[in-house]
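Written out below as structure tokens is the structure these notes cover.
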Amino acid sequence: MDIGFVRRVIFTSIGRKFVMAVTGLALGAFILVHLAGNLLLLKGEAAYDGYVALLLANPLILYAELGLAGLFLLHIATAAWVRWEDWRNAPSGYEERKWQGGRTVGSATMLYTAAVMLAFLVYHIIDFRFGDHSVGFYRMVTDAFRDPVFVSFYVAGALALVLHLSHGMQSSFQTLGLSHPKYTPFIKFGGLLFALAMTGFAMISVYFLLELDHKKVEHHYQVAATEAR
Amino acid sequence: MSDKKFGVTVRAWRQAGPGEKGRMESYKVEGVDPDMSFLEMLDVLNEDLVKRGQSPIAFDSDCREGICGCCGLVVNGDVHGPDEHSTVCQLHMRRFRDGDVITVEPWRVKSFPVLRDLVVDRSSLERIMAAGGYVSVNTGAAPDANSIPVDKDDAEEAMDAAACIGCGACVAACPNGAAMLFTGAKISQLALLPQGKPEKAKRALAMVEAMDAEGFGNCTNEYECEAVCPKEVKVANIARMNREFLLANFLSKR
Amino acid sequence: MKLDAKIPSGPIEKKWDKHRFDLKLVNPNNKRKFDIIVVGSGLAGAGAAASLGELGYNVKVFTMHDSPRRAHSIAAQGGINAAKNYPNDGDSVWRLFHDTVKGGDYRAREANVYRLAQVSNGIIDHCVALGVPFAREYGGLLSNRSFGGAQLMRTFYARGQTGQQLLLGAYSAMMRQVAAGTVKVFPRREMTELVIKNGRARGIIARDLVTGRLESHAGHAVLLCTGGYSNVFYLSTNAATCNVSAAWTAYKKGAGFANPCFTQIHPTCIPRSGDHQSKLTLMSESLRNDGRVWVPKNKGDRRSAGSIPEGERDYFLERRYPAFGNLVPRDIASRAAKTEVDAGKGVGPTGQSVYLDFRDSIARKGEDKIRAEYGNLFDMYHQITDENGYKVPMRIYPAPHYTMGGLWVDYDLMTTVPGLFAMGEANFSDHGANRLGASALMQGLADGFFIIPYTLGGYLAGSKLEAAADSDPEFGRAAGEAEARFRRLLSSKGKKPPSELHRQLGDVMWNECGMARNEASLKRALVKIPEIREEFRENLAVGGGAEELNQTLERAARVEDFIDFAELLVRDALERRESCGGHFREESCTPEGEARRDDAGFSHAAVWEHAGEGKAPLLNKEALEFEHIKPSERSYK
């Protein structure tokens, strides 16, 4: 039994980047589903809590959660390894250095956006996953979203995600070798759109912070009242 | 012509030998002609230093027409100087003005140790080539050149990759000191051509492992390499290398 | 000096086959016991190292660069000839042979040229197999173009970078042998001495250019693949470090130097802009397909090109050579430009250039078409001169480019020193007095890949070679000589850096022994060169130490060799009182000023023999016989 190919995945530059890319794309898929779930907050308490109940009723949920945690850990571990190596090998000592236009804000800040997201993630898990669920999930989330301190943290996390994905999406395709003169421009554009869609997290939280849900409800009531008259 | 002449100050990296401590030193150069190349300006400075009994600034350069890949300097923070997609030997002094202070540095990469002043040791790239940057065919064994047709688009793409001059600018410009563009270009060139296909899996695995062993950084897909490459070698070659490596790792018998 | 070319007997088509059969073979298991020293890693050197490594020899390759891939073969732009006849336009081995002998103005050895044409096709096959990305047609087969006045399309090319691609191909084949352990590359080493033991070349002394240390390397044969000597003119299209030193060392150790006066001047170079100029840049001569060459009719006309009306322009190539027009061969185009400039009609800030005008082609074909064909050359021109060739005519002037002369070799590529071989531009070559475009790459690869693997085996198997080791006294003596030389150069406490003395030498060579030569100018040169040598001895400034990376010291040694060599070149030019190919003696021309060959007096290779320091060299002659291609006058009218 030759495990050379496994060794190469772990111990070569491209192997590690492969793991980063695959886990990154999987996490991207997860975050998209997460965003879709969050959109149910806009539908109201019944819709959202129903969705959460459905998820929790799935017998595989624990394994899914463990798998997700695994993806995160792999992504973080390989990234840390890659970055540590880069830090050791990077050119250093230039008196002057100009970037030539290859770097983007997203690519140059991957490490920082990662740090922000990691901090957010830890808090998010403690607060929501292991938090007090007694008031119901909808109430727990929306209550948090009415706290300006929490929302600013949440928005920062979402923006970090946008920046991270603005580079990360197209980067993972490049790493997997999925490059083609015809399709790569679409991949890059699609990656940017995907990243921008992540502002949805921020918008939902701001929606509740500004109590737009109440206004909507009030408006609804007003309409109902008018009709009743 | 002489009325256009001007003076600049060169701040150059001086280092006596491998592993020794270096420092930046300033030199005034007068009588700079705008039609001079940048390296000719350094020649003038060096002649002057020799006349004054001082040690001239060592730098590599040979063909001075942008093809041999010998030269490579960081000028005012720009790899190969401020001109886009050209080697530093093609940089001319008309790019500068009277009184300019010009910072000149070597490639500062761990895998390219400085030998003296602006001269670096790029033999790490040679070892990557020796690991598999070739087609294993003996002299005299080849079939007729036209016996294997090659898709013209593939041949053109292979030529785009093969244009690499091995100057190391991609490494010097990479935020991580990676040699992916160099290695990717060779793997890509030979993977595109039918002549290189029989051993492409072996080649991709061996060259990437050799590259890693030399202590180059990883690729974070920031494409600074493509932005400075004097021969405009594209990062699509890195993607092809990644693909070849992964296919070789998971699907070949190796 | 005994000159035996060892041309095999029999009909010319069978000579090489017969010779390969006659050559003794080295048993496959014995090959690894032979150490072969290859100096230089261009097409000839890398090709030889690769093919000898494949055979199992133990090869050591020395290059003065940081990588073998930097050799100046890399700069060749246009292409490589072969007699494939893929375009179906009537090419054959015989025609390539014929064109090369005629193009060389009947000063090459027929048997060698025939063999070159014979192996040319194998080169293309091998290079394609090595992954050289030659230009192709849509059908997937190789593309050909015409080149350098040839009447058919036999040139294979890889954009404007054919030399680069071929060198990288040969280099990759060599790196494969490095991985296999048969070839060891010694980068940043410069050969400083040839070591002779019992009359045979048995090794070299090389200087490690980083540490300055001198190293002894013993072997069973030494192959010099060290290129040409155009830099004797200081300004040339050659790379900055190209030099004659290895060949010169061999000459001083007994190798005959043939036809040093055969130098090629390329017509389409970017003119120099001032005294600071360190080298000249060539633009492919394909530009002459669409550019028209002209100067103002009136002397000293300082108007801009655009304001000179049609009637006051002299399209001198079209006027003088109506049949070939702007496409006359290199030597003729170069001399015609010189004639106009000497008559005071030169243009540009220095007055040392002529126009190459694309106005009419742009009007006829459109700028886009011209851009598609020559865009990279226009860009290069713009980068160097800051002028837009689409809007104003380019300015061009001839520059030294290639040297047909070199170490004399026999049919086996062996010099007059047994065990010392010379290949590529370093030997006196198959190009006679003038090389055709796209033939240099062909010759370098032919020598390296296809000829030396056979002839070297024949030498090794046919000779009784006693043991030789780095520790032999011959090596110690040679290293001592090299060390003394560097010490002497370093002890000089003058005021002139070697580059300045090199420039002085170049001025003399260009003015007195350049595109046109006459007895008076050559005799002047023979006075001036010793003066420069004297100044070199008295007034050289080097600085630094021997045991360090010292580029001024390297340069000083090369310039010293160039000074000595220049004298031999001039002497050869003086001796050859005929015009042929790149060598133009003003005394030997037709009433219209065209070159006139003197077959009765000079149908020979002039082979110079070192007679000792301070003594006049001895002239030996190898008579050239033309059995198949009868010399005729070259006319392009």
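Here the chain labels run A, B and C in written order, and each chain numbers its own residues starting at 1.
What we mean here is this: a residue touches a chain if its C-beta (ideal position, glycine included) is under 8 Å from a C-beta of that chain, and two chains touch if they have at least 3 such contacts.
All figures in this text were calculated on a predicted structure; none of them were measured in a lab.
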Most distant chain from chain A by Cα centroid: C
Of A-B and B-C, whichever chain pair has more C-beta contact pairs: B-C
Averaged-CA centre spacing for the pair chain C and chain A, given as whole angstrom: 63
Where chain A and chain B are represented by their mean Cα positions, the distance between them in whole Å: 38
Chain centre separation (chain B, chain C; CA means) in Å: 26
Chain B residues touching chain A - in the complex, by the definition given at the top: 11, 24, 74, 76-79, 103, 105, 107-111, 171-178, 180, 205, 208-209, 211-212, 215-228, 235-236, 238-247, 249-250, 254
Residues on chain A engaged by chain B in the complex (per definition of touch): 4-5, 8-9, 11-18, 82, 85-86, 88-104, 107-108, 110, 167, 170-171, 173-179, 181, 184
For the chain B and chain C complex, residues of the former touching the latter: 1, 16-18, 33-37, 39-41, 43-44, 46-47, 50-51, 53-56, 58, 60-70, 83, 86, 90, 92, 94, 115-116, 119, 121-123, 125-126, 129-146, 148-152, 155-156, 158-159, 162-163, 165-166, 189-190, 193, 195-196
Residues of chain C touching chain B in the complex: 47, 50-51, 54, 65-67, 69-70, 72, 74-75, 84, 86, 122, 124-142, 158-159, 161, 164-165, 168, 171-173, 175-176, 178-179, 185, 187, 210, 239-241, 273-274, 276-279, 281-282, 349, 380, 383-386, 449-450, 453, 495-497, 499-500, 541-544, 548-549, 551-552
